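Chain IDs A, B and C follow the sequence of writing; residue 1 opens each chain.
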Amino acid sequence: MTITKNSIANNLVQLKEKAPLVHNITNYVVMNTTANALLAIGASPVMAHAAEEMADMVSIASALVLNIGTLDNQWIEGMLEAGKAAKKKGIPIILDPVGAGATPLRTKTCWKIIENCSPTVIRGNSSEIMALINEGIKTKGVDSTMSTEDALTAAKALALQINATVVISGETDYITDGVNTHSIKNGHPLMPKVTGLGCTASALCGAFCATNQNTIEACTSAMAIMGIAGEIAARSSNGPGTLQLHFLDILYNLSTTHIEENYIYES
Amino acid sequence: MTITKNSIANNLVQLKEKAPLVHNITNYVVMNTTANALLAIGASPVMAHAAEEMADMVSIASALVLNIGTLDNQWIEGMLEAGKAAKKKGIPIILDPVGAGATPLRTKTCWKIIENCSPTVIRGNSSEIMALINEGIKTKGVDSTMSTEDALTAAKALALQINATVVISGETDYITDGVNTHSIKNGHPLMPKVTGLGCTASALCGAFCATNQNTIEACTSAMAIMGIAGEIAARSSNGPGTLQLHFLDILYNLSTTHIEENYIYES
Amino acid sequence: MTITKNSIANNLVQLKEKAPLVHNITNYVVMNTTANALLAIGASPVMAHAAEEMADMVSIASALVLNIGTLDNQWIEGMLEAGKAAKKKGIPIILDPVGAGATPLRTKTCWKIIENCSPTVIRGNSSEIMALINEGIKTKGVDSTMSTEDALTAAKALALQINATVVISGETDYITDGVNTHSIKNGHPLMPKVTGLGCTASALCGAFCATNQNTIEACTSAMAIMGIAGEIAARSSNGPGTLQLHFLDILYNLSTTHIEENYIYES
């Protein structure tokens, strides 16, 4: 199956029409930029983590994004509460395993979330995905030290093992359910110089999955739109500072024409 | 009583002269942008939440802003400690009931703060204000789903019930003490696409109340200046990304002339 | 000893080559901007605070930055765990005593960190440095109320007492080990209107110390580059909003020529 530019454009239109509420339990570094990206694309973000209100918040949400970037015991408890409620309700759950492999706490927490909440999607960089399949591999903090190609085999195995869609961000983005794999070649080298664009990608996966039950198509749409918006934003940016803002502007203004003219896809 | 453009301009001059220290216990999403907005307008922001230092921090502050956006038990404890100290000291307290109505934890926490700390001002969107008066109404996350006009009746009742000034943000902003109501028609449709501008409005209410004991005039000044700065910023913005920054630039450079030429007020 | 523009330029080249992992336990207000500044200058930032993973995270880091801006008991515990591990490993530790003097909790926490972790560098504004040497001095929140010149004597005494390099940020920046003092006159009056540029300076001290064992030269490089980037960024900024972004762009693009043409140093 090929995911066409038309599908991407239609998914965007659908997202804007439904304006889904996306519940994020994410890290302190990216909360502001994640909320702004979700608003810009047309979703409605909420950030909340207290275990006491997780069931209530999930009850009004259309997707849940769990990001372990600045985890601690209290936040892990909130993630598990929210994840269990989301699983029960049947809404998509996106797990962003930030820094998996860098410390045992991170790798173990990811597996605890996987076992308890059955995430629909896991989106990370190559090192993080490798670390989940092979706990022995050390990552360098939260930035990737491995090529995305090397990680694709691991991603496919992981997808089959846990029955999820796995997304690897990198120069080429891979979206796989273990059987079918799609790849997106959009993006710009300046993007990794802005903190948290990977986290934004996970949040957009949440927004697209909230309005499209075809998970692999939803995630491909999210990654394509990330890359296209980043490319266009980079054209008018002098560095990572201005890129961060132009990215939000482009996300807000992204049109079918932008998608048609820039989409670079390989099945 | 009419609040003239001259009053607004004078309040701004006074704020800049006194540069009040505004103590914020606010949510993770907006801490950076709130601090920057307070600096830009001429106030001195401090963010601190540990119960152990609340009495000491309040002792050097001129206003306290309590925002429940990413609340949990530990932060609620800090808010109550700070709120009690601020009430005792007699400095203005602004409550921003983010997401009130979305979960019982949020609505209950607001009422706990109201009962223990007697806030001077409550500033929220229509849904949040409605939820405070009527716990049965569900909001959609933290974005408003109700017109501000519908909420005005609730706001007046709430203001009289708890002896506070209530501010509703929306296309028209209402500032009411239950008897007198002022409305501001400044602002721009792009503003709700930037996360946390409502939270910024609450922080500016704190800064203006810190330097003007006429609460209703102080809040009207804050809301007018928010709207005027947003309008002017939007003229040179391509989307929500650039708006966020231009807003800070305009806030920093806001002149009497800007106020005179743009202020749209109805008593 | 004089620290030449050539040294500064070489230190920058070295930092970019080594791309050190800098572990930050910092405040919520500045996490995003700190991470972005570290990425822009060529370092690799990680933000993590859970006591459970501090030893593991420090084991892969080349410097540790402890910033008490939004401290509470849980975070203090994380800072002490990380600080002890970093001391044992022998990597540089930078302490940013945000708001020291404003509350006893802050001043006491700084001394607890000093006694347990032996920081390599302390970077603060005049009021904060004064407060550390003399607990009786009250600061006004987190902004400085004292001239940097007045604080230099205190800084030298502190440096000798605790065997650290002390950096005072201000119109003139001072970098002293108690015996030798260097001063940098770069910078721009708009910089204090952006929240957290002091915190960024501490993080850059961490990045430069990670790749240069000559601590006083590393810190002088960090402060010079902060000031130069701020000056250049201010030329194309309309206010603090755009300054924040242009600062990141310039940091990312900073060249030897920028340093040569703008460096203002006094021994």
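Following the convention adopted for this analysis, a contact is a pair of C-beta atoms (placed from the backbone, for glycine too) under 8 Å apart; a residue touches a chain by one contact, two chains touch by 3 or more.
The shown structure was predicted, so the numbers you read here are calculated from the model rather than taken from an experiment.
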The C-alpha superposition of chain A onto chain B, two copies of one sequence, needs a rotation in degrees (nearest 5) of 120
Comparing which residue numbers chain A and chain C contribute to their contact, where sharing over half means same and under half means different, the two sides are different
Here the gap between chain A and chain C, centre to centre from mean Cα coordinates and rounded to Å, is 32
Check: chain C positions touching at least 2 other chains come out as 28, 32, 74, 244-245
Within their complex, chain B touches chain A through residues 27-30, 32-33, 69-74, 99, 102-106, 138, 140-143, 192-196, 237-242, 244-245
In their shared complex, chain C is touched by residues of chain B numbered 21, 23, 28, 31-32, 35-36, 39-40, 44-50, 52-53, 56-57, 60-61, 74, 78, 244-253
